[in-house]
Amino acid sequence: MEPLVRPNVVRAGHVALYVTDLARAREFYEGFLGLQPVHAAADAVYLRGYEEREWSLKLQLHPWPGLQHIAFKVWDEEDLDRAVALARELDLAWREEVDFDRPRMVRLQDPFGFPVAFYRRAGRHPSLLQQYHRYRGPGLQRLDHFNLFCPDVPRAMAYYTDRLGFRLTEYTVDRAGRVWAAWLQRKGNVHDVALTTGAGPRLHHFAYWVPDPLAVLRAADALGGAGQVEAIERGPGRHGISNAMFLYLRDPDGHRVELYTGDYLAVDPEFEPIRWSLDDPRRQTLWGHRAPESWFQEGSPVEGFDGKPVPPQPAA
Amino acid sequence: MEPLVRPNVVRAGHVALYVTDLARAREFYEGFLGLQPVHAAADAVYLRGYEEREWSLKLQLHPWPGLQHIAFKVWDEEDLDRAVALARELDLAWREEVDFDRPRMVRLQDPFGFPVAFYRRAGRHPSLLQQYHRYRGPGLQRLDHFNLFCPDVPRAMAYYTDRLGFRLTEYTVDRAGRVWAAWLQRKGNVHDVALTTGAGPRLHHFAYWVPDPLAVLRAADALGGAGQVEAIERGPGRHGISNAMFLYLRDPDGHRVELYTGDYLAVDPEFEPIRWSLDDPRRQTLWGHRAPESWFQEGSPVEGFDGKPVPPQPAA
Amino acid sequence: MEPLVRPNVVRAGHVALYVTDLARAREFYEGFLGLQPVHAAADAVYLRGYEEREWSLKLQLHPWPGLQHIAFKVWDEEDLDRAVALARELDLAWREEVDFDRPRMVRLQDPFGFPVAFYRRAGRHPSLLQQYHRYRGPGLQRLDHFNLFCPDVPRAMAYYTDRLGFRLTEYTVDRAGRVWAAWLQRKGNVHDVALTTGAGPRLHHFAYWVPDPLAVLRAADALGGAGQVEAIERGPGRHGISNAMFLYLRDPDGHRVELYTGDYLAVDPEFEPIRWSLDDPRRQTLWGHRAPESWFQEGSPVEGFDGKPVPPQPAA
Amino acid sequence: MEPLVRPNVVRAGHVALYVTDLARAREFYEGFLGLQPVHAAADAVYLRGYEEREWSLKLQLHPWPGLQHIAFKVWDEEDLDRAVALARELDLAWREEVDFDRPRMVRLQDPFGFPVAFYRRAGRHPSLLQQYHRYRGPGLQRLDHFNLFCPDVPRAMAYYTDRLGFRLTEYTVDRAGRVWAAWLQRKGNVHDVALTTGAGPRLHHFAYWVPDPLAVLRAADALGGAGQVEAIERGPGRHGISNAMFLYLRDPDGHRVELYTGDYLAVDPEFEPIRWSLDDPRRQTLWGHRAPESWFQEGSPVEGFDGKPVPPQPAA
């Protein structure tokens, strides 16, 4: 039975966001960030980065801003059955769903209250990677990872490693030696998902890979030039954890999106997770810059199985 | 009398090009290179880079492709009178002209047959430099210099230094010790004008400054991505002479435009011109790459005082 | 039996080169390229990139310049037994070897004559990735891939996919529709090994990942600045195939090393290999630049099981 | 007489700093920032950037950290006589001095208490600009400007424009419409000197030009990597004023040095100074980031004519 209950996750696949003003959200993600539409309906738009063959961001008009779900792509159809088996074994609420270009998704409410979907098949579109004449803004290439606020990070970390087969790459410990944050991967770089101590379930951010560090600067320039400085929450900077160059933005609904580039390969079998002390000033930013308080406190509500926002529980 | 006949040139000011298909030329300069229009008429368009407050490139529909004129900006109105005095002293054909946003230009046929205009006043437009959200393509910032094919470079060099007050920054000598090419400046960097041995008068190229070396790569990517590889004539590379990163493009009419960045400051009074041997492989490209034969041979015809192309004379 | 004969390859692991002048080779790889030594003996040095925890390049003093072997890292010790079983099944010459920081390697002569080692354990060294104050030159991060000259690419491709579990990402076909070159991966980006039609077995090149496109330019500048233009064989440029920015260098013994950055993620289960025509000018370089003839013709000899260079066979 | 009392300033020339630990200061400027020594004595070292033909930074061992003087390079020897005449006319303390590679300097105490030297001749050294294989750290190219804390900026601005011929490029006004800070240039880019309201005379910072925005990031990475995060005071960021990418560092004695790149050409005769409101969040950083309080408050003491630090006067 054990193999059945462990779906083979390939990578972070997509994020479905609730936004309260679709035109404003499109201006941000398409206009400033340059994501490319693959489909637009009256109340939703489906976007992708220049490297992606399938959509990775859905913006869904909704009465409240929040996370409809995050989704992981799995290796084959049977992995979706394994996701169902996992839900049954852990007694998690689940259902099958369809969406544009997603003929079958298994969506469950995970043990920590997060809405998480698994999918295998997706509508595939012609590559834009070398259509450089069409690039706009910082040239977002592909979805890289999710970051989640969890009240109990050690327990969530165990779920991701034991039940979903993720590998730990880096982690932060507090003075008591307890894991405060964790970075976990399937696709071979630093993370597909990160877990951060905080009131949850809430989405801390999702991140897109950009092609080089100058793309990060260009994004800040474009937002500054447009007078949208309030959209720039943190950075540009170099992470201590992950080594990536980053920029954290807040979209018009307050959702946080990171531009990210330049981490490292984490595929070696003997890879030893990197331990950081919560007191190390270079953990947040290698250059010693402190993240603003909003970055530690604010996140997006997530949708429960009943369609309502899940009330966050405070961190232990 | 002597001060009167030496106009105080500030910098390379603009280039007026004849093109045979205005829509196609606009697609190249606006679409791929991102130059911004300040004015468009039925048969002409006036473009500027993101840093410029006045137009620097005019595309004029014309029966034959060529150079209408290059223009230098001068310090004050009296410098235009000095340009007239210079023309009279040297018995050069000249006339006053007006154009869009150029209420007074003194246009002469220089001793080597080049159509050269001088102007002081220009319509000024709001700055786009920090409108980064509007940047397209490689983000051309400003016109940097002209490069001219001359049969007799030493004589043309003497004219620019003695009569127009240019300073020599770098030069190439052939095995006989004769100056084969010369780089001359007024605005304080490597050049406002360069002179190259070849059949002339012809325009070798004009160049725009871009903000950083990645912009040069982005331009090549955009043209390659669009399948316009024939527009990429030479580079990207690093010049030995000038130290700049460069990319040479050919527009749809065959006019050559360079993207250029990263030279040096040349304002010191004791600045000693840098001498290069024509045999040094790093002269053309610091990396040793040879320029293609077309780069040495091809250029744009220039307009004579009679409105016809000036027949080029072979190099001595 | 079938699972036993398919070792689980993690990634391209290291390259062991024969060099005829160790000091000169060290000046190139350590001095210009900035690789960091982990161990130096009288007749050999072991180097790594800034991201690597184990050495990835061995320079071995030898009477003739060539390839001692390329090596793949495998997932666990039993994969080494599987490599032995594979050698036995295919009747390949093999032996176990040890080297510095490599307590067990299974080295075989593959069906095409290439010396290929497999290893799992390696001496691990403290990370240098964030020791940015120690970076020198272009900052090579990690070994990325090997490229091999093979007379019969389709057969070698089948070996890599069927017996070693590699996935095809891109390939070139000639006018007859025959596969002329192939890019194959295990670690999730474009390739760990590429196969190119040519007299073989010979090593075409090995490649290091660099952190951003400017690092590629810095390497060319450093070699040009040092007057080593003959070391720059091709590039900098943008590959059509793989989308990476590249620079091909020749070391003092003529071995070819590529600096490489900016390809894409290739982990999706439905990833469709990208097909290129041998006639497409953007295949070699997206910008349309042709590779020099040396790049198509020259490569490093490889060591046979008897310690002598393997005589290359011409392409079919 | 009037022309005599207006020396023709070419550019910001050098800065002579007092440091309390020469080895520690050298580790910072040579080790981390990569400045190149042209001369070293027991108690002083003279450094230059890769583009400079003469030294631009002197580190002088001294009992207290401070500014010995800033220096402007002038066009010819007579400009030094004009500097003397200016000192006499304004009744400023002055003397002639010599230093290494500086056979004649006119050093005066300006009307605001700053020690300012003028010089024309300097020992010239072979160019390092294309010696890219010798570059270390961020590759500082050339001294760009000084920034001075003045209690009365409007008066100091009038001195620089009227008596030294500087041109205003940008300025900040407070709510009362009074000039709070001013950027003034001679060499054609945004500034050779900037004046900032604050207790003075004190040196706010001096700045070096770097070749591209990635160099700014590399400097921060190198200091972060070395654990010297306390040396990073502000940035990397994009200035609203000047448009430059910047990074402010504090050396081991607390002197502030800026890495700076990417401003614009300011040579046009009709250039209109750009006005900023002190309330505009994009003034300090285009991206809206606030400078830390230390950046507004702290500066280096300057040497008086008597060799003692000049007591700063509070801002009006």
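All chains are identified by letter, namely A, B, C and D, in their written order; residue positions are counted from 1 within each chain.
Throughout what follows, a contact is a pair of C-beta atoms (placed from the backbone, for glycine too) under 8 Å apart; a residue touches a chain by one contact, two chains touch by 3 or more.
Since the model is a prediction, treat every value here as computed from it, not as a measurement.
**Student:** Which neighbours does chain A have in common with chain B?
**Tutor:** Where chain A and chain B share a partner, that partner set is C, D.
**Student:** Tell me which chain's centre, taken as the mean of its C-alpha atoms, is farthest from chain B.
**Tutor:** A
**Student:** Express in whole angstrom the distance between the two chain centres, defined as the mean CA positions of chain A and chain D.
**Tutor:** The computed centroid separation for chain A versus chain D comes out at 44 Å.
**Student:** Using mean CA coordinates as chain centres, what's the chain C-chain D distance in Å?
**Tutor:** Those two chain centres are 49 Å apart.
**Student:** Measuring centre to centre with CA averages, how many angstrom lie between chain A and chain C?
**Tutor:** 33
**Student:** In chain D, which residues are in touch with two or more of the other chains?
**Tutor:** In chain D, 130, 212-214, 221, 223-225, 240, 282, 286 touch at least two other chains.
**Student:** Flag every residue of chain B that touches chain A in the complex, lowest number first.
**Tutor:** Going through chain B, the ones touching chain A are 31-32, 130-135, 212, 214, 218, 221-226.
**Student:** Within their complex, state which residues of chain B touch chain C.
**Tutor:** 213-214, 217, 220-221, 223-225, 227, 229-230, 232, 236, 238, 240, 245, 281-282, 285-289
**Student:** Can you check the complex and tell me which residues of chain D touch chain B?
**Tutor:** Interface residues on chain D, with respect to chain B: 10-11, 51, 53, 73, 75-76, 120-121, 124, 127, 129-130, 141-142, 187-188, 211-214, 240, 243, 262, 264-265, 267-270, 272, 274, 282, 286.
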